[in-house]
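As written, the chains take the letters A, B and C, and residue 1 is the first residue of each chain.
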Amino acid sequence: MKLSLLAQAISLEFSGMDQEVTSFATLKEATSSQIAFFVNPKLLGDLQNTKAGVVILPAAFLEHLPSSSQALISDNPYLSMAYASAFFAKKPFDTSSPATICEKSSIGTHVVIGSGSVVEEGVQIMPNVTIGANVSIGKNVVIYPNVVIYDGCVIGEGCIIQAGTVIGSDGFGYAHTKLGEHIKIYHTGNVILEENVEVGANTTIDKAVFGSTIIRKGTKIDNLVQIGHNCELGQYCIIVAQSGLAGSSKLGRNVVMGGQSATAGHLEIGDFATIAARGGVSKSIEGGKTYGGFPLTLQSEWLKTHAKIAKFFTKN
Amino acid sequence: MKLSLLAQAISLEFSGMDQEVTSFATLKEATSSQIAFFVNPKLLGDLQNTKAGVVILPAAFLEHLPSSSQALISDNPYLSMAYASAFFAKKPFDTSSPATICEKSSIGTHVVIGSGSVVEEGVQIMPNVTIGANVSIGKNVVIYPNVVIYDGCVIGEGCIIQAGTVIGSDGFGYAHTKLGEHIKIYHTGNVILEENVEVGANTTIDKAVFGSTIIRKGTKIDNLVQIGHNCELGQYCIIVAQSGLAGSSKLGRNVVMGGQSATAGHLEIGDFATIAARGGVSKSIEGGKTYGGFPLTLQSEWLKTHAKIAKFFTKN
Amino acid sequence: MKLSLLAQAISLEFSGMDQEVTSFATLKEATSSQIAFFVNPKLLGDLQNTKAGVVILPAAFLEHLPSSSQALISDNPYLSMAYASAFFAKKPFDTSSPATICEKSSIGTHVVIGSGSVVEEGVQIMPNVTIGANVSIGKNVVIYPNVVIYDGCVIGEGCIIQAGTVIGSDGFGYAHTKLGEHIKIYHTGNVILEENVEVGANTTIDKAVFGSTIIRKGTKIDNLVQIGHNCELGQYCIIVAQSGLAGSSKLGRNVVMGGQSATAGHLEIGDFATIAARGGVSKSIEGGKTYGGFPLTLQSEWLKTHAKIAKFFTKN
């Protein structure tokens, strides 16, 4: 899309040299044909070093923009980005061209596989599964009935996906107008499951805004779990039923999340940490310990405190 | 159905003038061909003013029934209504007659659309979606794969429904016998999504008993959310993943429900209220404030109290 | 499968008399053609009385094995069982041979019903439902669109299953290697719904490891509920939305679980117990009472304690 047309469509002034723009990316990752946006002063270094062809930013930060990038000035770059994102959204689940399906795979009835997707040897896809375009399904993957996998996702060798699970749904991301409306940020990222990941039934894993939501090898996820956009789960994690990981949660290896536990997003959990059932993680925590409660504490403290509360308020 | 036959079928005596009855409605909304029931003494005014053709009620309240209504006397009108509701239930997802589908829409493979449903211009319905009878799908709606929409629901212009979501499932409503059995109340209402509502993946929104569960324009609902029968959500609400709204919750505009939060049902939340993650709303609250905890309090109080608890019980 | 080959496949020594083995079972239930494993010293009696053809056990307990059973010695019998379970897993959702479908039933479009399944009179199965092999669907059952029922499950007369629900998904069970990998235990059990059970939308009920996950007659389950492997729910229970029952929870009759409540698994709840919304049951409790909170207490205590906490920490 022409930058001049995009600028016009989202009501931003543009007087630079016109160019073709293809998509959004972060300041760090954007290339000369991509657009980034700047809204968080903590990322000033990223702005100063960006290779993005175009950056949407407030006028006050214009002086920090490298000469290789063009500016689109906006009072609310996040909102401008949301409006612009709609123009880069592709029509989802396109089936206009064929998929490549290994003949040594087993595809059930009423299965739909989108344009350009690749299904490798030994895969079993059961009935009524819907797979989007440009999805990659590795060797010996087993996909149970009525699963949905969105465009561009990558399912590693040996993964098992139980029935009804949705992989790659749009993340829950909106910018907000002064009138209180929520403007959808069209997500262009994907979900990557590395090898031997298992996902339970009716679980949801959202695609990344840009880049990937990543589940590393050998991680096992139970039923009705929610994994937000841009999460990254290390190897061999265990995520028990009805847990919810908010966007951009980063888990180390062998992290255990008990049933109905949750994270608040944009935080890190160290390797070999265990979160007891119902634990609510609201900030980054170090590995190797067992946590519980909400607000979160060490599980041993939580148990002690609750015993004390019961005792104290029985007497008082 | 003939009233005399219905009365016989649910073992109630009837000696009035026979008439055709078509369905149930509330005392307030029932017309002369409908049946209402009276069980809550607080609604005595509704009984006295009802236009219902028939009312199921205990003998003690017979004197309050308008002369325009006939009585079916029952010791347990709610249970009688439950038994009777089965007789008005239509066979769901009927496909015996055609739907009206705009040719400027895109319908995926293995999509089923029930009798009398209408799909407007610019709609995209992806594979393996099942839509019931008499559903209305407004302009430019996008429905992702494997979504299910029950009979009679209304999806407003520009709505987006992510994969695996169920709209219009039967509400969780039963009457109870003395033996402890639960008798299903067949729900005849629907769900209405106004324009530009987005619903995440594997979410469930139950239809109303009678009338409508309503989600007003611009409201955004995340994944794995439960919205009970007869809820009403105002404009531009944000309902984060794994929240649960019990039946007949009424939210104002721009209400935010954090992840895994919940309401107890039959309560109101004022405009611009925010419920922090895990907050449990058990009674009506005024708008414009941020609440948290369970039992619910102001979020600032919740934080303070928990800091004090941690301090106090470390020392004591 | 030949025992000698199985032993070789899972790297255990075997020098006994070769025999055909067909599947796994518990020490108590295994027959002469089945394999059991011994890992819990509390079950020593079961070991001493087992009728299993083969038992995987540590060398130290060999002396307790009946002479009718052969031994496979393993330092980690649970892990060995997990590796072995893969060899007994059948290809799921087989459709190579026909199902038996009563002509007085109504089967929607794009419905798949697996080999050997039986659908009785008066059943209505709506579009895009997927049913595995050897499933039994009793009289007058109603199955809404996009439901998935795994192999071998039994759906009793008059059951209603709302859209998107998954019945019989693999339980979340793994053995763990020293390197922290999780080895899948292939579940060979099933789910049994007795008559007149209703299950809400997008709920998940896992099959048993061996044997059955059982929901007794007249129990009603709401939307987005998780029921783990080997649970047993008594008659006429009410399980409200987003509740989670961990594996091997055993509920008596007429137990009520409020919204977002949970159990920790391997525990019993007595008849007519009520768990308030959000209650977290972490150990067995007697029936006839109302519980709440987490850690769980009597609901009346929970309310009192929280009132006292609010008062005390306002002043202190």
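Here, a contact is a pair of C-beta atoms (placed from the backbone, for glycine too) under 8 Å apart; a residue touches a chain by one contact, two chains touch by 3 or more.
Computed from a predicted model, the values in this text were never measured in an experiment.
Novice: What is the shape of the graph in which nodes denote protein chains and edges denote touching chain pairs (line, ring, star, complete, other)?
Specialist: Shape = complete; every chain linked to every other.
Novice: Quick check for you: after a Cα superposition of subunit A on subunit B, what is the rotation angle, between 0 and 180°, in steps of 5?
Specialist: Angle of the fitting rotation, subunit A to subunit B: 120 degrees.
Novice: In whole angstrom, how far does the Cα centroid of subunit B sit from the Cα centroid of subunit C?
Specialist: So the centroids are 31 Å from each other.
Novice: Which positions in subunit A are in touch with at least two other chains?
Specialist: Each of 110, 128, 146, 164, 202, 224, 242, 260, 309 in subunit A touches at least two other chains.
Novice: Spell out the part of subunit B that touches subunit C in their complex, as residue ranges.
Specialist: Subunit B residues touching subunit C: 91-93, 95, 110, 112, 128, 130, 146, 148, 150, 164-166, 169-170, 172, 174, 180-182, 184, 202-204, 206, 224, 226, 228, 242, 244, 246, 260, 262, 264, 280, 294-295, 297, 304-305, 308-309, 312.
Novice: What residues of subunit C sit close enough to touch subunit B in their complex?
Specialist: So the residues of subunit C in touch with subunit B come to 108-110, 124, 126-128, 142, 144-146, 160, 162-164, 198, 200-202, 218, 220, 222-224, 235-236, 238, 240-242, 253-254, 259-260, 277-278, 306, 309-310, 313, 316.
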